[in-house]
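Should a chain be cited, it is by its letter among A, B and C, assigned in written order, with residues numbered from 1 in that chain.
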């Protein structure tokens, strides 16, 4: 899987940002989902993307790990350019972890097994090694007491934390979050956001689609507002919320903060 | 004759012959079940392939071998393929050189066609999000199939598989027309010798019933074991078969919420 | 290899046509009886009466757990004796034909499947349907005929389509009791002409084509019923009753 020479990887790391998107376009039939997006995420940076539904924010982050294939522009992740070549896709996916709105846990595996599967299959860890790794990250998301349970036995908040731990077990340097709290009952949102904040403090690069504005203010180095497949406005959290420049962002904030 | 339809003495006398017939029925069930399932996988992959030609050929196979009555398929193989000298004496003599081989071929092709559809339905029932989550973890396609899609597909498709197997067992009763001495053939022979229209047929029916219900119980236990991750579902699957109603081949996939 | 003269071919085609007609008659008669009895059994076994429930379970379990071929043989060989038991001396006068045995056996077996579908569909009806009809003091006969059953049929339609096509594929079994149906005719033609592939494949294709055509019809019917659900409930009821 990892055919890339090691020194090239090191070179790329030194020179490039964590994520570089330039002129990114994506169409579904005649519908333009992304119309030339430029975005650069530095190493360790936390970026929050928000915008109305259908604005292309989910499509954007799903293009980064090739769950959707972009049809124009460039995607470079940790110095690896995403091409049609299946090898680059796999390389990028080793660098990038993803957390989904609907958790997408493996229902037939326990929390522990959910976390062990990818390290065992991709990194060739033995079962005890994978178990040790999984336990480490499940403890980090405060689920040490629930490791033997199946997803159906866990609450939504617990399931999402397992999903975060599962992504962490691949020890990615970049984490993508696709509306991680919007499928949760209100009382469970904070336990997930809490874990995400702890993660943010650990130095990992985060790109997060969310409407949790409190989280954005506390954690984000930068907020990006998308509408109709374009980035309309971006800036640090304070100016983003206090002094939005564009009419569209003002309208959007008025709606979600109401 | 008296009013009791079963002659106990005849039933007792016929027991060894009927048991021999049951043994043949079990063999003529088991071999095509294995062969048909093995065939169904490549055909299902072809059917789901994005390439036109394999998909079309697989679909033609399914339409023909599922749509044609089993009796015709048996005639086609026995009176058609089985009479071609090149096939009888060539390397495939083991398949076409005897009525037994011909019956196995016809039954296996029929089962393969049904199982292609069962497999396809089960694989398509696996939620896309779970496959995406596996892709995002960088798990290879082959490993996703082995460790995620197939284990889940088995759970979703188990009911349909059970119906097909049970229907298939009952379908094997026709092999008696190509001189195979299965349970039905034995019952027929005894009828022809004794002109007792009830005893042999009712006894054979009892054996079929027991065989079918043994398989049904086996599937129920298997399903309970597979769904141990979801206790609520277990109660449902237990409740359903007790009504003893599984529509063979008729029921669509029973959706089991993961 | 082909040694078929046009005259021979025409003769076999005529036999096949006659056989096909018999197969069609057998199938339609069996399905009609299975449907009527299936619906009746499905409704009657909703009763909570223990005896009714037990009888239903035994019936369903037996006929869903035994090969149809055996049921056909049982009726064909044992039918006269059974009739004699029921009707006395009158019964012994009646000779069981393969056709009659086939229709009886297929109807008895498939009524169980149809009853099961109907039971499932009734269970899936919103409880409000019964309560609503009761609140309006609609007599039970009308409630069942105009309110419940049309909706049940709509819910059971996909399952009925399956029974339909599966039953079609089991009709050739009756040829093993001596019925001169399409499959029997094609076996004779195949044997006489030494052209098994032509006749058996053609026969298979007839079954497949009939099944596909009726499936198409069912899809159209389904769309119609769904449209009726939204726009013209009366017309829908009338159609489903017919």
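Assorted remarks:
Operating definition for what follows: a residue touches a chain if its C-beta (ideal position, glycine included) is under 8 Å from a C-beta of that chain, and two chains touch if they have at least 3 such contacts.
All values reported here derive from a predicted model rather than from experimental measurement.
Shown here, the protein chains touch in a chain-like sequence that does not close on itself. Chain B has the C-alpha centroid lying closest to the overall centroid of all protein C-alpha atoms shown. Distance between chain centres (mean CA atoms), subunit B to subunit C: 22 Å.
Chain centres here are Cα means. That of subunit A falls 45 Å from that of subunit B. Separation between the centroids of subunit A and subunit C, computed from CA atoms only, is 56 Å. For subunit B in complex with subunit A, the touching residues are 127, 129-130, 132-140, 143, 147-148, 151-152, 155, 226, 229-232, 258. Across the complex, subunit C is touched by residues 1, 3, 5, 63-64, 67-73, 75-76, 79-80, 83, 166, 170-174, 177, 184, 187-188, 191, 197-198, 201-202, 204-205, 208-209, 212-213, 243-252 of subunit B. Per the touch definition, subunit A reaches subunit B in the complex via residues 1, 65, 67, 90, 93-94, 96-98, 100, 102, 104-110, 117-118, 121-122, 150-152, 163, 166-167, 170. The touching residues of subunit C, counted against subunit B in their complex, run 57, 60-62, 64-71, 73-74, 77-78, 81, 85, 113, 116-117, 158-159, 162-163, 166, 168-173, 175-176, 183, 186-187, 190-191, 196-197, 200-201, 203-204, 207-208, 211-212.
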